[in-house]
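Each in structure tokens, the structures are laid out below.
What follows is a pair of complexes built around chain A, which joins chain B in one and chain C in the other.
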Partner chain A sequence: MNAGKINSRIMIDFTHRQSAHCESGVAANLLTYNGIKISEAMAFGIGGGLFFGYLPFIRINHLPLITYRAAAGKILQQIAAIPGVTMVRKTFRDQARAMDELDRALAASIPVGLQTGVFWLPYFPMALRFHFNAHNLVVYGKEGHDYLISDPVFPEPVRCPTEDLQRARFASGALAPKGKMYYLAQVPDEFDRASFIVQGIQYVCKMMLGSPFPLIGVKGINFLAGRLEKWPCRLGNEKADLHLGHVVRMQEEIGTGGGGFRFMYGAFLQECADELQDDFLRDSASSLTLTGDAWRQFAGMAARICKNRLQPEDTYPAMAGIIRHCGEMEKQIFRDLHTWVNEQQ
Partner chain B sequence: MDHPPEKDVTEGLATVSYSVNSDGAYELVSGPGWQPVNVVNAQAWREIEKEISVAEDKVHSGRASCLQYYMTANQMDVGLLARYTGQPRWRIRLHLMPFFFSKLAPDAIRKYAELFQVTSEDLKNGRLKPPVYERRKD
Partner chain C sequence: MKKFERELLELICATCNLQDVDPEQIRSNDPLIGPESPLGTDSLDALEIAVAIQQEYGVRMDSENTSREVLQNVATLADYIQAQTDIRR
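Showing the complex of A and B:
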């Protein structure tokens, strides 16, 4: 369709910043490009990224879904809902149209966010190429047949051939992106962080404490502990270890440092403390660091069990104990934060 | 078939993560993946490789068509393969049997070949090539 443009080169002056998590990274980089300087942790917090959910009725490779963060797309959705922000979001049926639309946006010098399936991205490390369809990245240019991509979890910008990017945009299965693309069309001149910070924290408190469902938030953490304890006798040792490995894998999506996003949220709280000159938030950040450490301790124990290098104290009940302890600590943290939120209003 | 040995999950890709420095302040630090995660990822891959070798055996002993291998090696199941190729599941199940697979029309073969990034000849001759993610690494 646009054969004439094949050899052209478009390169938007987009600043690539490596991030720990793809969605918050894309959100922060796009906002920063549009003149709202914001860190990844701040985007994660304002977007209400922290969460816990144990959903055994949704299966990934026959294993229960466990998530330590908000559903894919939630952070972007929250950012798009900020008054004055206009985010254009489109999905497509027709693959050729989806690629044309991307080219048109690039030609108009707009960096475009895409949802993709990592299985089809050739620049990804082989061992991470699972059928995971909610990976976010920004396309900031095109050279000949290759798209120039700022993939937030990579240290440097990368390239991806057209046909591979097209496959990745139209990956099938759970969370299928359907060619989803998005960009910021408008941002407000004044960005009142304080109120968005409070809103973001309020949202996370609500998810962690207020859900009526026993599988979500702190209740979900305790539920997982109860289930995990019984895995060896319910599933047999081999399957129990597989389930356990899966929990740890979800806890450490790329770059969370093993704390299941607790460290990133801690970084957010700390930044808020500086921004709002509020020592309470600084203390909350420290407490959250402790829960992150406890999650890591659990993961370390789990890894020893999976590797069959266990020490005497590494048992399923011991791990359930650590998880319950995490739940207890997080309950306290988010109760206190909730009180803080009410004081702000 | 040769499968490469287990590697570090990120193959040397330096990811970043948040951690607290000696002053108690959070920093974004770059470094190789965290150890426990390599362990559990390797565990997940061992599981996948086990499934792949079962599929290979089935193909070699003539109990399944080479589609069984390609599906498993690319970490798909019947449902996902059905969605990718726009066919009902029962048809995929038929194609997993050598008898029906050998009678497939060229168009049907090409659909699979494009998906798995091999040639139609590979599929027709039952050549087992590595999955998508082990090629195209250049």
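Showing the complex of A and C:
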């Protein structure tokens, strides 16, 4: 936890670890820095990161919002709610004040989490710079005009000039970060992992099974299946394909089509199984991984339809069938996990 | 290009129906996905490739970052599949 300040150089001894997703990665790295060694999957699970929501009344680029994970900021919010954890969170109107506050925290040897807009971060390759304003990273130092950044989606730490970071912190549009910064001011001496595991699983069970809204959780999965099946009739083929591409591309730009979050929650359950020596959780982990595979099977079919490379079995009703199958599998998994949670209490 | 890399490239071309691509012109370290790729593939193609790799070799790419790293080029893809296959053995 030492900071070296030589002339205009501040560098906190912060361990950078690459992760699959920014928010869970930042949460894991900040907790680990503060003495609570935790994997990204564990942070994702304890933070209640798994979710499903299909919200057609919210539009992103004129297309309906679909999410395979909890809302941006939810994981950090859940971690901040752990008894004994104090997370300082601030947003700003004044950009200069926001940068001064960041510098002050760094001078006090505190690694700082920031919410930023990806588009304005120059170290992202141009092909990956899109308008997403809830990208999390950790600033762990400053050298001259550059901030030293642990951006969890990169294999190595990166640097970012002051004016670019400032612009990214004040990107406008949906989910505008408003200069948001956060850091852990306090963590508990004893971290009762088992109880937080149970609470995290309980939260996700509630979200996936207990929501009264038909667009959320397993109900939302089935709702999407019903809507998607009718898209060609309701929207016409061209617009239906546009919606379809959006559904598989929205949350994960490359290669997993929404299944990635199921794989990560599976990794969390696997880690819990090892930690608690619980074979039921091990079986649940395997089942959830199979759900991820089914989501990916749907996404693969969707990609073929969007690219006009149809195989005979590729149809909208077939995709709806796979989505319903995902819903059935997740319903069973979270029902069983809910029973497990009750047995722990 | 190594034999296994050639095999993967052929699988990718077949999966993504890349009829205009001459595999002889593709090098092991050419970008596989994105605007700089000589294959002209995008993120939806990446999805199909990920599914095809899992079906053909039983190797899963389980996150966006894994996919991004693994699908950099044919060589990284071949290394990943071989490493995952070795782990299973």
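Going forward, the second predicted complex is superposed on the first by the 330 of 345 C-alpha atoms of A that agree within 3 Å, B and C clash if a C-alpha of one lies under 4 Å from a C-alpha of the other, contacts with A are read in each partner's own complex, and residues count from 1 in each chain.
Rule of thumb we're sticking to: contacts are C-beta pairs under 8 Å (C-beta built on N, C-alpha and C of every residue); 3 or more make two chains touch, one makes a residue touch a chain.
All figures in this text were calculated on a predicted structure; none of them were measured in a lab.
Of the two partner chains placed around the shared chain by superposition, chain B is the only one that A:A41 touches, whereas chain C remains out of contact.
The larger set of touched chain A residues comes from B, when the choice is between chain B and chain C.
Of the two partner chains placed by superposition, chain B and chain C are both touched by A:S19. Applying the stated contact rule after C-alpha superposition, one finds that A:G260 touches chain C and leaves chain B untouched. In the superposition on chain A, A:Q77 makes contact with neither chain B nor chain C.
Look at A:A299: by the touch rule set out above, it reaches both chain B and chain C. In the superposition on chain A, A:V248 makes contact with both chain B and chain C. When the two structures are aligned on the shared chain, A:Q270 is found in touch with chain B, with no touch to chain C. Residues 18-20, 127, 153, 155, 245, 248-249, 252, 254-257, 263-264, 267, 296, 299-300, 302-303, 306-307 of chain A contact both chain B in one complex and chain C in the other. Contact residues on chain B toward chain A in their complex (touch as defined above): 4, 7-11, 13-20, 24-26, 28, 30, 34-37, 39-41, 43-45, 47, 74-76, 80, 83-84, 132-134, 136-137. If you check the complex, the residues on chain A that touch chain C are 18-21, 127, 153, 155, 245, 248-249, 252-257, 260, 263-264, 267, 292-293, 296-297, 299-300, 302-304, 306-307, 309. Residues 18-20, 40-41, 61, 119-120, 122, 124-131, 153-155, 164, 172-173, 176, 241-242, 245-246, 248-249, 252, 254-258, 263-264, 266-267, 270-271, 285-286, 289, 296, 299-300, 302-303, 306-307 of chain A are the ones touching chain B in the complex. The residues of chain C lying in touch with chain A in their complex are 16-17, 33-36, 43-52, 54, 60-69, 71.
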